[in-house]
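Common to both upcoming complexes is chain A, partnered first by chain B, then by chain C.
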Partner chain A sequence: MKIWPLQFRSIDSSHMVFTDDTGKFFKASTKFLERYATENLSVDDTIFLQQNGHAFLNFDDFQFVGFASRWINRVSPVGDLKYVILVPTLRCDLKCDYCQVSRVAKKARGFDWSEATLRQVISFLSNLSPTEVKIEFQGGEPLLRLDILKTIRSFCRQRFKQAEFVVCTNLQEVSDEAWEFLSADDTQISTSFDGTNHHHQKRRTISDTQQESFEENLGLALARFGSEKVSALPTIDPLDPPEPSELISNYASKGFRTIFLRKVNFQGFARKKYSFEGADRHWEAFYRQFIEELITYNMTADKPVEEFYLSHILRRIVRSGHHNHVDLRNPNWLGKDYVVIDHDGKLYPTDEARMISRVGQIDLSVGDLENGLDAETLHSLNSEASNFDDPDCVHCVYKPYCGPDVVDDLSRYGRIDLPRHETDHCQRHMFLFDLAFELIFSENLAVQKSLANWLDISEFNQRLAPVLS
Partner chain B sequence: MIQMQISSEFPPISQPMVFRLRTIIPKDPQELDNCDAVLISEEDHFSEFDLQGFSIRLKLENVHDFDGDVILAVPGRKSVHRLVRSQSKHNTFLVTEQCDQKCVMCSQPPKKHHQDLFDCFLDAVRLAPIGATIGISGGEPMLHKDRLFHFLIKSQKLRPDVRFHILTNGQHFTSGDQRTLSLLDLRSILWGIPIYSADAEIHDRIVAKTGAHEVLLQNLAFLGSVGGLIELRTVLLRSNVQGLASLADHITTFQPFAHYWAIMQLENIGYGRMNWAGEFYDNSVAFDPIAKSIDLATARGIPPSLFNFPLCTVPDDYRPNCFASISDWKQKFIHECRGCALRSTCGGFFEWYPEDNGFSRIAAQ
Partner chain C sequence: MHEITISYEDILKPYVKDALARLGYIFPELDLVSSGSGIRVRSSNPFDELALKKEIRYALYRSKIRAEGAQNRAALYSSVFGK
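Up next is the complex of A and B:
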């Protein structure tokens, strides 16, 4: 019998989690590690390892092929370009404390697409090969250029078999015409709501009038379209977070089933304004408390709620083939299946790349509408798109579930070759994976109830948390 | 019940043959095939068709329901068989009645005699409606693997739009088939292959063939690695229900390339009827082993489909997994179904479902 290499990490004083390259995992005692390392496996060990898919007898036998197939499913394939984020204007009618996208004043000139740019965008879209497309309107505040949104949407509806649209709006000022635009079945609304009205006003709307108008518009949007069509994200300042239980009940009472907690980002104006000494510790404490509150909430809730990113991580741990979120996948191909077109017609691989470039730190544009995608730049970014042969990641127990974030590394450190454990991306994900495995191996029924919901099943199953005893 | 056999008056034939019924004559005569039988007259219950100058009389209730159907006539038989019903999604070619397994639930117990009808099947594929899916079943179709592969290659050349769903026990692939399989468009062929247990002994007992499980696992790995689309099929039995969650574990670990996993309730016919008392598992009273298997496989990314499960025998949470799978021509509803709100989405029961000896909890919803 041959055993595929196992990585391992302590989860308590006497137990460790073991994983192989396909992401198959189990919990075992530290004594097993000794037996594994010294090649003194017991009969029970070998039976367990075979049944759980960590071993094979012969090249090409069913165990070997099963492993190969699971491994292949872990690889995120290069997809066709069919998700385009458009920034028709950088102008915004709010000046949020931690604006991540480096906005400009509502009356500023020269920060909108010109007629020529609009024509180029349409020509760019018309050259896409897939028959379906998803367009996300970002800003600035995209509703300030409703005329452009209309033009793009009509064009896509006629050009593609299937076209979906998301408008990322602050819902601050919504004209009758804009409501009419947002009411279409193929158009979704994405907004920010910082969890409590107090927090939202403090950081975003500032004045009572503005806050009232936001609350009214969010209420209207939900009443008219429901949470199927409207989503909201809270941005959290780790040094001044809302009370988790309050955040949860505010979201749940509006009908939201998903909360995607976003730590205020070290980009755009936020970078200039805040010093985040010790913020990571605060963030982790807040995040953990939030998940605990969420589990308590779900215990009795008719409609359970998830934290989007933790669910994504849990799904990536339990099943292979889960590549649908571009923030965490492996390889994390840049400039392939989605791209950002900025207000000046420049192309960026991600929204973060656009922001970093905007603050003048480094130019991460990957072409422009004039000349198309710059193959050479993309190639050099994508040469680091996977963690397969990263000298640090190869030893990591969480490698099969994780994925690199070249843009984040560049934005923080200006380089991508730091020892992994020193990077924010690695530290943040180690924390999340540790938490995820703590939950998976928990025997607490409340935890298992939430886990079942987050994994899209009715009841948690002990077999999902294999233990070698 | 939908009519599959049709009483006929037919000129004497020496070879099996197929023809297609046309009750509406196409405007463009080019659209007529040599095998088209065109409606000439309707009188009493008989309709008369013209096939290349020969008269064929068929006893049909409503002749226009049969337009486009492909009919098989076999020498010496009075009735003809509706091989392809143009309005149905359930069209199956029975390749042979021979089989090398003797499964306890077999709905169509094997026979020794074999009649090769592949030439007729090829004609039938040519005449089938656009985008049809054709089931290939038996017996064990792969016992005539060379003829079957030849038929598939020719069919795909003639009609690349036609899809196939081949039910096979998976015992007869060899690594030498790789070349032949590479000649096929494997994306339009779904291989339905049964696996009854993760435990070799239990599986072998169910199919009555020693060593079958080992061969099966090896061949699934082979078919998966050449890119075949695979639907795993598990008939729920008393002898495998307790091991169903282990099977879910096994499939998600070792056959993660499978595209579908169907868990199917027992059909009270053939050996299934003979073994009903010992093998029918009443999931209406104890669904737990099935629930656990669904949860495990779904979490791991292969959500199972439940076939032949009346909706009222399945807890609410698991009803989205149910498919109304019983072919229209062998489906029935029983008196408890009267007034049931779920009837239009429920698969109902097999025509031969024994009402006095089946599920103990059947209730209109």
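Up next is the complex of A and C:
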């Protein structure tokens, strides 16, 4: 019998989680590790490993083929470019304390697409090969250039068999014409709501008038379109977070079933204003408390709520094939299946890359509308797109579920070759994966009820969390 | 100067070099060298011997598992990507 390599990590003083490269996992005692590493497996060990797909007899038997099939489904394929983030203007009618996306004043000049840029964007889109496209309008505040949004949407509806649109708006000033635009079935609304009105006003709207305007418009959007069409994300300052229970209650009462907690981003203009000293520790404490509150809430809620990123991680652990979220996949191809077109026509592999470039730290543009994508730069970035050969990741128990973030490493350290465990990306995800496995192996019924909801299954069966006893 | 020698089984000997290369940057404050049938650890600062012993053994295990998986990985890649 041949055993597929198993990675391991302690989860308490006497137990470890083990995974193979396909992401199949189990919990066992530290004594099993000794037996495994020193080639003294018991008969029971052997039977367990065979039954759980961690071993095979021959290179062409069904266990081998099954493993190969599971492994390939863990690999994020290179997809066609069909997700385009457009930034028709950098102007914004808010001046948020921690602007995530770089912005300029509403009356500033020279930060909108010119007529020529608009033509080039349309030309760029017309050359895409897929028959479907998803366009995300970012900013600045994209509704300040509703004329451009209309032009792009009309073009895409004609050019593609299927076109979807997302307008990322602060919902601060929404004209009748904008409401009409947003009401289309193929158009989604994405906004920010920092969990409580107090936190939202403190960081974003500042004045009572602007806060009232936002609350009124968010209420209108939800009343007219419902939470299927409107999503909201809270940005959290780890040093001044809202009460988790209040955040959950506020989101749930608006009909939101998904909350994507975002820590104030190190990129963009946030880095100029915020002290990040000790923020990670505060964030982890807040996040853990939030998940505990969420589990408590879900125990009695008619409509359970999820934290998006934890659900995504849980799905990646339990199932393969979840490659659509670009923050976590492996390989994490850059400039392949999605791209950002900035207000000046430059192309970026991610929105974060745009922010870093904007603050002048490093130019991570991967081309422009004039000359197209820069193949050489993309090749260079993508040479480190996977964790397959990373000297640290190859030993990591969470490798099958994780993925690199080259842009994040560059933004923080100016290099990508640090020992992985020293990077923010690794530390953040180790915390999240540890938490996920703590939940997966929990025997608490409230935890299992939430897990079932987050994994979209009828009930969380303990067979999903095998234990070698 | 604080110093201990952590022994290991003969079966782990072929993997000491790889393990030391990795341990060297995980614990840059420690001086780690192969010494007979053990790994000698020196440091000017005190360290948790029990925790370090565990980390060193785990590093040896990981190097062994990685090395022994090479043939299986080659077969896997060949199977998936073609021969």
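Just so we're on the same page, the second predicted complex is superposed on the first by the 469 of 469 C-alpha atoms of A that agree within 3 Å, B and C clash if a C-alpha of one lies under 4 Å from a C-alpha of the other, contacts with A are read in each partner's own complex, and residues count from 1 in each chain.
Keep this in mind: contacts are C-beta pairs under 8 Å (C-beta built on N, C-alpha and C of every residue); 3 or more make two chains touch, one makes a residue touch a chain.
Keep in mind that this is a model prediction, so the values were computed, not measured.
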{"item": "Contacts of A:S365 with chain B and chain C, given as first, second, both or neither", "value": "neither"}
{"item": "Partner chain(s) touched by A:N332 [first = chain B, second = chain C, both, neither]", "value": "neither"}
{"item": "Which of chain B and chain C A:H322 touches, first, second, both or neither", "value": "first"}
{"item": "Touching partner for A:L464 - first (chain B), second (chain C), both, neither", "value": "first"}
{"item": "Residue contacts with chain A in the superposition, chain B compared against chain C", "value": "B"}
{"item": "Chain B versus chain C as contact partner of A:T187, first or second or both or neither", "value": "neither"}
{"item": "First, second, both or neither for A:T205, with chain B first and chain C second", "value": "neither"}
{"item": "First (chain B), second (chain C), both or neither touched by A:T117", "value": "neither"}
{"item": "First, second, both or neither for A:G66, with chain B first and chain C second", "value": "first"}
{"item": "Chain B versus chain C as contact partner of A:T169, first or second or both or neither", "value": "neither"}
{"item": "Common ground on chain A, meaning residues reached by chain C in one complex and by chain B in the other", "value": "64-65, 68"}
{"item": "Residue numbers on chain C that touch chain A, as the complex places them", "value": "9, 11-12, 22, 25-26, 58, 60-62, 64-66, 68-69, 72-73, 75-76, 79-80"}
{"item": "Chain C-touching residues of chain A, taken from the complex the two chains share", "value": "2, 4-8, 21, 33, 37-39, 59, 64-65, 67-68, 71-72, 391-392, 394-395, 419, 421"}
{"item": "Chain A partner contacts - residues on chain B that touch it in the complex", "value": "217-218, 220-222, 224-225, 245, 248-249, 253-257, 291-292, 294-296, 298-301, 317-318"}
{"item": "For the chain A and chain B complex, residues of the former touching the latter", "value": "24, 51-53, 60-66, 68-70, 73, 318-322, 452, 455-461, 463-464"}
